[in-house]
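We call the chains A, B, C, D and E, going by the order they appear; numbering starts again at 1 in every chain.
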Amino acid sequence: TDVKIGVLNDRSGIYADIAGEGSVIAAQMAVEDFKATDKGINVSIVSADHQNKPDVGSNIARQWYDTENVDVIADVPTSSVALAVNEITKEKNKIFLASGPASSDLTGKACSPNTVHWTYDTWALANGTGSAMVAQGGDSWFFVTADYAFGHALERDTSAVVEASGGKVLGAVRHPFPGQDFSSFLLQAQGSGAKVVGLANAGGDTINAVKQASEFGITQGGQALAALLMFINDVHALGLEVAQGLVLTGAFYWDKDDQTREFSARFQERNAGQKPSMIEAGVYASVLHYLKAVEAVGDKDAAKVMAKMKEMPTEDPLFGKGTIRADGRKLHDMYLFRVKKPDQSKAPWDYFETVATIPADKAFRPLAEGGCSLVK
Amino acid sequence: MFELLGIPPQVLFGQLLLGLINGSFYAVLSLGLAVIFGLLNIINFTHGAQYMLGAFGAWMLLNYLGVGYWWAVFIVPPIVGVTGIVLERVLIRRLYHLDHLYGLLLTFGLALIIVGFFRQFFGVSGLPYRPPPLLNGGYNLGFMYLPNSRAWVIVASLIVCLATWFIIEKTRLGAYLRAATENPTMVGAFGINVPLLVTLTYGFGVALAGFAGVLAAPIYAVNPNMGADLIIVVFAVVVIGGMGSILGSILTGFGLGLIEGLTRVFYPEGSAVVIFVIMALVLLVKPAGLFGRSV
Amino acid sequence: MLRFPRIRALSKPISGPDMPEVELASRPAAGPSTRPLLRVDGLQGWYGQSHVLHGVSFEVGEGEVVTLLGRNGAGKTTTLKAIMGILSRRSGSVTYDGRETIKLPSRLIAQMGIAYCPEERAIFSSLSVEENLMLPPQVRPGGLTVEQIFELFPNLKERLSSQGTKLSGGEQQMLAIGRILRTGAKLLLLDEPTEGLAPVIVQQIGRTIARLKEEGFTIVLVEQNFHFAALVADRHYVVEQGRVIDTIPNHELDANIDKLHAYLGV
Amino acid sequence: MTTDTNPIAMAAITSVGAAGMPRHHLAIFAALFVFLTAAPFLLYPIFVMKVLCFALFACAFNLLLGFGGLLSFGHAAYFGMASYVSAHAAKVWGLTPELAIIAGTLVAAVLGLAIGSLAIRRHGIYFAMVTLAFAQMIYFFSLQAAFTGGEDGIQAVPRGHLFGLIDLRSSEVLYFFVLAIFFAGILLIYRIIHSPFGQVLKAIRENEPRAISLGYRVNRYKLAVFVLSATLAGVAGATKAIVFQLASLTDVYWTMSGEVVLMTLLGGMGTVFGPIVGAAVIVTMQNYLARFGDWVTIGQGIIFVVAVLSFREGIVGVLAKWIRKPL
Amino acid sequence: MSSGAILEATGLTKEFKGFVAISGVNLTVERGSIHALIGPNGAGKTTLFNLLTKFLQPTRGAIRYQGRDITRMQPADIARLGLVRSFQISAVFPHMTALENVRIALQRRRGDSFDFWRSEKVLSKFNSEAAALLADVGLTEFSDTRASDLSYGRKRALEIATTLALNPEMLLLDEPMAGMAQEDIERISALIRRISKNRTILMVEHNLSVVASLSNRITVLARGKVLAEGDYAAVSKDPRVIEAYIGAGHA
């Protein structure tokens, strides 16, 4: 069987470093590690830049499905683009392996029988950081929130978790998106006296906010800084000096065990010295699982392959054992990381210490709560 | 303890101070734009990219050559200025006899190219720039904790703005510049090398952008996209101040920083639009901006 | 028939009652009596596509005052601009002090010692009177001092700090002339220095030009005001359609008055 | 921009043929029609529809810049807002596609009227800046208003049934609907340019004080062309929402305003057909070079620079100069 | 010649930031006359014109046209009342043909042309009239030439034709002869005389022979004030006029 995988992501914008060329490399590595050709599956990979614009992304997706016989689209960071690709994939009856996007709507009100949401989602981030932080004693929160739907959703979900876990939310300030200067918002957060300052934003906003938080001595002043969506590459960009003490939730860390280290070393060699982000890891694992399903079915028919993917437990070196739920949610453990102090870090990319592990069954939104139409 | 509109005064002072610091960036950047527009009649859309170059310049000096921040403050702006001079000599020079529109489009294109290359080679998550020891830490002013890095921004930009204003308004060189703005042909006929003056002015305006970039490096992430959105705001500042007006751009830069700072306290959601609202209002009432000479 | 005011008919003998009493230089023959300082030969000039100068030729000796006369649009201003190097396209030959300048940019021409006072005065509005006055750099020693300029134009002294263009028209004209005297330029190109000025100011300018001549300046004067030209000049060149079509020494002016009327379409 | 400094002014169309259109224009329209009718069978229809939407947008923009002499730096506001409204109307209100497009267009027209009546009082760069300021306000509104879906935009917009009858889910059927809109749009623009109104517009662009002294109330004309341009930009945006089944922030962001300037400039401003060519080139570049990441941006930058330095008349403008006929 | 004032300005003053360009000017233009405005450069003639046609707003004073107060009206509305001006620097629509230039003015008769849906063919009905006007100013052979390609004098002629196309009751001409060759001057003088039959004309002109031969009445302006007024014979002998304008030593 010939299989064509399209890796659609951001190759020029703010997510290019966490899910750009690296995701393509991850997909290639999955194909190689799977030894697809030996198994009679001919895999080709194409890639494109959606520039974080939903119309560009949906145009490419359509064109891939309609004219280039692409069978499966992988990655797609940026929720707006992912939601568009999600719709098109459903319409065209293909498969979407969503590793990049954050929106939990993909397995909620926008859920689709053709989509697997692999790595993480906003609910899992909010839940991980919110509940684990409260459990660690961070029971009063102040949010610095990007003023648009994504930020609002993160703030809302995390607030709910914090309150459910017995903490309380002291307040929130909405900053314009994108922002560059966060000093006055951070000052307001500082003034609130909250134990945890939650950054409900992403990308450059988070990076700048963290940088300036260190400048204003937020963490030194005894407040904890929790980034609700952050990647290891962001920490790399910030440097430990600035990022130390920051708390964040993730699905993958390269230094977790021997298998992840082995993969990451190979990946790093091919990706200009960068360790894999959780998204790239998710691309690897999801492609691998897809290929296994194709092999098992012996055909690439979307419905059959999807059924197989959901039926078969997942197993890969990066996420270990897991399952895919009826709504398309891939379940695995999530982790609460804290960024190390510079003197604790022994090597480049030695950035995280694991504070808590959130078991797979607790890490993601319960099936019934998502409002997915596939769930009866 | 009295309160203003439900905000304790120390918080308000703190926010005003932060606004002023932000305004420092606006002032230095819009000053560069105003100088360039004043003499060359070019709306320099590359300014954001040149600001970014300043930050990257500081980063490269530190990471490739081990040259620290304090040296960078003096070395980088001239280097960025020289890149501007090259652009002016090779490309921009050909557009002086044309409508503003073309200068704007050319520099817009240049900005795309420069930013594109930096994104290609440095990625977009940004690079860390470690501030020098002197800028770490800060003062407790009572009403707020003022990081040294911010205090330095305000001092440095005030010095640069005042120096620029002084040079342009009070010196002989400044008189040449102002005269050449009005009538370059006549100034040339007095024996003054106007093309050189123009080139140096562009270089100087660009160097100001580079300087702002160096100031920004320890504060904001060093990122190829750092100038892209800022530039639109800075344009608004220049237009509000009155295109080409030196004093106008400085005062408006600081002033709008303050107003933006206040908005962040009272209506944070609106802080990104407030400058545009002000721009629309100002232009409808004062067509040439607050300090602009009416045409 | 009267044509007015730019070209004044010459219906009376030259010396009008309202004209200043100036020591006029000895009247030379056609062509410079002294060492030629400026030589213009076959000068051509264009504005964009339109060809305006078609071969202007004339000569000015050191210390002489000559005028260019001609109708509106004859190319007088353009000739001065071409000499000064601020006409974008020009060809032919202009030598100053024996050096060819046709290919030089205007700033180098200025630095050789030529200064131009334009028709429209070009006072800078963003500069104060003082800044305007001090603006042109000195190109060589020997220019007038500021004190000497104030002596010539006392009005300026009182208004040093006001904005350049706030001056009255006459004062602006004084400023425009004054500022090039400081530079040490030996050859002055004055384009209609009397235009739009009240007669009393015209008289003052006339006295000034005579003084400058005494001080050894060489002057090319474009003038519509014929009366005035006759009082100060050694020689008149008649420009028509971008050429010099005739030369009239000042002392032969009376004899040639009808011819001149014809040239000027009076 | 003011007219006398505008180096690319349209040449007068002197010989008007029997059909009210010079013969070579008639021929170009016919060729365009034939080509576009065949296009969905030769090219990827969605791609062609994208080109058509942007071409109409660029033509609408060019009506204002090239023929009205007004450089708006905020045309994304009308394009994007119309696309939101049309998407919302189709998805939430369940309107048929033509009604959804009309709804979007109307909103763009009203917006154009509101912003235009303030902006036209300013000239040149200040006009551009006022339009930009308002467009930024619209952008922030779109980012925050509930109905736009913020970052996610309005997704999964149904294409619906045209007039409640014809199913538009097939891309080919949709294509001809879009083609009809496109042609209606550019023919209307062509007619506007060559109407008595267009003549006055041209006169204003060429010499505003003179037009005033002849008794024309120029601000009303400027406002009228501003509103027309905004409305047509709205048609393009509203249609795009139906085609792509989504409306997003991209369409209201200032870079979109910049892109439409690029398309118009590249194709040839003040020409009838230039913006169509410009839009086709840019959209093709974005589409087919998408995999090259940043090199697309760099390439666009280079096009800007080269176009400004060496062919300011734009592609069609240069052609027109060669054949010595206005295009 | 019907008489009575058609245009009356009283106490007209214009200040530019501390500079008084026009100060307390009273001007009455008789219906049907050709009235000339002369004065040295910078006397305020163009400024006065701009005030009368509302391109500038007077600081003080009132303007009445046909008995109506027009002091606060907009320039386009003034033109609509039949008071039309030409410009000192030539004002044509450069990229339109001569015919189209004139037609733009004729088109005004249709009222406001907001009919963007109509073909410009509806304008062809004005072609013959436009051609006739071009013939009047001697531009017949240039009717398809773009205005920018016309020589300076012909541009002026075109401007006059365009102005006449509005069939104004009163014409304000700012230096109509400036830059014209002698033969053009004579032709335009004849034209002005001809069209003045049932119109009122106010013109600024530096060419004294034209002023002498055409005008019924002359107002001399100097330093923003009326220096003298009367017919040519009277004005040209006024010593103040000779001093401020004509100059001593001239007849």
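Descriptive notes on the structure:
We take it that a contact is a pair of C-beta atoms (placed from the backbone, for glycine too) under 8 Å apart; a residue touches a chain by one contact, two chains touch by 3 or more.
Please read these numbers as outputs of a predicted model, since none were measured by experiment.
Note: the chain lying farthest from chain D is C, by mean C-alpha position.
More contacting C-beta pairs link the chains of A-B than the other of the two pairs B-C and A-B.
Of all chains, the one whose mean C-alpha position sits at the greatest distance from that of chain B is E. Chain B and chain E have Cα centroids lying 49 Å from one another.
Chain C and chain E, compared by their mean Cα positions, are separated by 34 Å. A straight line joining the Cα centres of chain B and chain D is 33 Å long. In chain C, there is no position where the chain touches two or more neighbouring chains simultaneously.
Shared interface positions of chain D, i.e. residues touching 2 or more other chains, are given as 140, 144, 293-294, 297.
Shared interface positions of chain B, i.e. residues touching 2 or more other chains, are given as 116, 119, 269, 272-273. Taken in their complex, chain E has these residues touching chain D: 53, 55, 74-77, 79-80, 84-87, 91-97, 100, 103-105, 107-108, 110, 112-123, 144, 146, 162, 166.
Looking at the complex, you find that chain B touches chain D at residues 43, 91, 94-95, 98-102, 105-106, 108-117, 119-120, 232, 235-236, 239, 243, 269, 272-273, 276-277, 279-280, 283-284, 287-288.
Residues 172, 175-176, 178-179, 181-183, 185-194 of chain B are the ones touching chain C in the complex.
By the touch criterion given at the top, residues 4, 9-12, 14, 16, 20, 188, 191-192, 194-200, 202-203, 206-207, 209-218, 220-221, 224, 228 of chain D touch chain E in their complex. By the touch criterion stated above, chain D contacts chain A in their complex at residues 44, 46-47, 50, 140, 143-144, 149-153, 155-156, 171, 240, 244-246, 248-251, 286-287, 290-294, 296-297.
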